[in-house]
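Shared between the two complexes below is chain A, which pairs with chain B and chain C, respectively.
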Partner chain A sequence: MKTEIRMPRLNADMKDGMLARWNKQTGDAVQQGEILCEIETDKVVSEIEASCSGTVAQLCAQEGDRVPVGQVIAVVEG
Partner chain B sequence: MERKPAWLKVTYNQQEVEQIAGMMQAMGLHTVCREANCPNMGECYKKHTATFMILGSRCTRNCRFCNVTHGRPEPVDPAEPQHVADAAKALGLRHVVVTCVTRDDLPDGGAGQFAATISAIRRTVPGATVEVLISDMQGRTDSLDTVIAAGPDVINHNLETVPQLYAQVRPQAVYQRSLDVLRYVKQKAPHILTKTGIMVGLGETDEQIYALMRDVRAVGCDILTIGQYLQPSERHVALQAYITPEKFAEYKQKGEEMGFRYVASGPLVRSSYKAQEALRGL
Partner chain C sequence: MLFLRSSTTDAAVNLATEQWLQEQALPPVFFLYQNAPAVIVGKYQNVYAETDPAALRRDHVPVFRRCSGGGAVYHDAGNFNLCFVETLPPGTDLSHDRYVQPLVQALRALGIPADKQRSCDIGVGGDKVSGSAQCVHAGRTLHHCTLLFDTDLAALERYLRGNGGLVSRAVASVRSPVTDLCRYYRGGREQFEADLLRALFPQGMQPLDLTAEQTEQIRRLAQEKYRTWAWNYAAGPAFTAATARGTVRVERGVVVECGDPACLGRRYEDVIL
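Up next, the complex of A and B:
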């Protein structure tokens, strides 16, 4: 089953976030709760925990990209 | 966007946040975690803890550092105190922190709603400790008496910044009035722990911070929190500096030397962050 990971709304006013760092690459195994990536917003850098376990099938944004809230940033298959 | 220092990093689990946020919404409750865009929300919600914000979601003041919405306030909800208590019970809280929007429109500044909330928590979650983070209630001692009479374990009132920056940061507040609130509570109810908090990184000097700390000790305040100011948006007062963890450690040491019973000082410290640990540490 494929699960789309979307840019989370980290605060009420957030419209987009900067993908600061990927902690996993395409093909890597990921466990639910593991840090998938880091997203920078106005106040802080948030380490985003994976919401499911599986294998990273696709990274849809590059480090440094500003991504709107709700847009798919990765696909996990598992 | 300027890159954030490495120490300004938090964890976030969307499912945990949505679960708590959904519960609050269903009960018609507000949290300062969400309204103020607190960076610790993910961590606190994951631990099933939150700081309730009563008296609505719109503040009658417009402090330049704060993300809470300024505007015409909502009518006071008589069901709110019990809803807070029910949510605290559902979350399994052993230490309940309640704050508010400032309500200069209410004759009692919202003191009655605080008292009702404290009583509801006492009835509904027996054994839990209660901390209230109050506004200055315009310095009215009758309002403060109402809160004191309800018997919270901790009364917190934040000074927020050094007096030299009040005009820019907190223009509708008065430094001396806030100090007087802390002084009055301690004089009237020495058994209640008093607490205050400030933000740093707004351009204050070390000497201004230490002078504030001396003022706060002089009114008998027990607990001090010091955290990094984080600018919510470009509309808010500008961030001047990221303070290093080493500098925060210096502030903590200085505060302990001055005789505070507890000092929490760190980049992500907020007035209610790990408040239970602070209380247990005494």
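Up next, the complex of A and C:
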């Protein structure tokens, strides 16, 4: 089953977030709760956890990209 | 609320203390410190794009990278750093207001006509006196802010002189006109600190006493992370820059592409300085 990981909304005013760093690459195994990436928005650096266990099937943004809230940033297959 | 007052102006130790506090399962903590002259950059910034490396080297002013987002700032003993660490319920709105608004009210209680600026700054008379940033790690939120009391504003301008010739995907600082709070407050640093603490925490706080073992953990973290070139300089995103030796590509702080083979493998600052 494929699970989409989306850019979260960290506060009411947030419109997008910068994908600051990937901790996983395509093909890597990931456990639920493991840190998938870090994002930065409005001077807040926040960790994004994998919501399920599996294999990273796709990274949909590059480091430095600004991604709108709700847009898919990664796909985990497990 | 627990209270920890730093006894050092060593930025490496104070940044390590912040990280250590965030990694502990403690009740809410307020940590207050000042640093000796230093430039502190955001976690995903490019040191070379935000600072004047030649001026920093000439004046022996160190650079440190913090764990939160945002832009580059200059610290000295005239700048108070206020750090709040707590565990917030999942899904809590990570607005800066939770911390910025009480600080605005505390400054006003001291007779300073402070206002919130942008989403996370505080200004007086339109000039910035405080900037905030946050990081969230393992469910613990760390919010910290500067508070310019009698900082050397000329030094701030001297060291935070960015290099627009760099092509980088790093987070860029937002420059703002700044001022010092001492223009609006009759009293010195110690009096200001005491008055500010009373206004911010009228119900008082409980001191947090660190054990020798905890102090040693912080010292080790400062040594192994916050005093290293690898973290402070090289941890920023890759970039391309025009130099006297031609265009160079820099990854992890080291030149990986350059027309001059003598530059390859060298630290970027050693190529440009």
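We adopt the following convention: the second predicted complex is superposed on the first by the 78 of 78 C-alpha atoms of A that agree within 3 Å, B and C clash if a C-alpha of one lies under 4 Å from a C-alpha of the other, contacts with A are read in each partner's own complex, and residues count from 1 in each chain.
Just so it is clear, a contact is a pair of C-beta atoms (placed from the backbone, for glycine too) under 8 Å apart; a residue touches a chain by one contact, two chains touch by 3 or more.
Everything numeric in this text was worked out from a predicted model, so none of it was measured.
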Which partner does A:L10 contact after superposing on A: first (chain B), second (chain C), both, neither? both
A:D42 in the overlay: touching chain B, chain C, both, or neither? Say first, second, both or neither. both
Name the contact category of A:M18: first (chain B only), second (chain C only), both, or neither. both
Is A:V72 in contact with chain B, with chain C, with both, or with neither (first, second, both, neither)? neither
Examine A:G64 and indicate which partner it touches, taking first as chain B and second as chain C; both and neither are also allowed. second
Return the residues of chain A at which the contacts from chain B and from chain C coincide. 10-13, 18, 20, 40, 42-47
Could you pull out which chain A residues touch chain C in their complex? 10-13, 18, 20-21, 40-47, 63-64
As the complex stands, chain B meets chain A at residues 1, 3-4, 8-15, 34-35, 37, 39, 41-42, 67, 230-233, 268
Note: in the complex, chain A contacts chain B through residues 8, 10-13, 18, 20, 33, 35, 38-40, 42-49, 51
Interface with chain A, chain C side, in the complex: residues 42-44, 67-71, 93-96, 119-120, 131-138, 169-171, 237
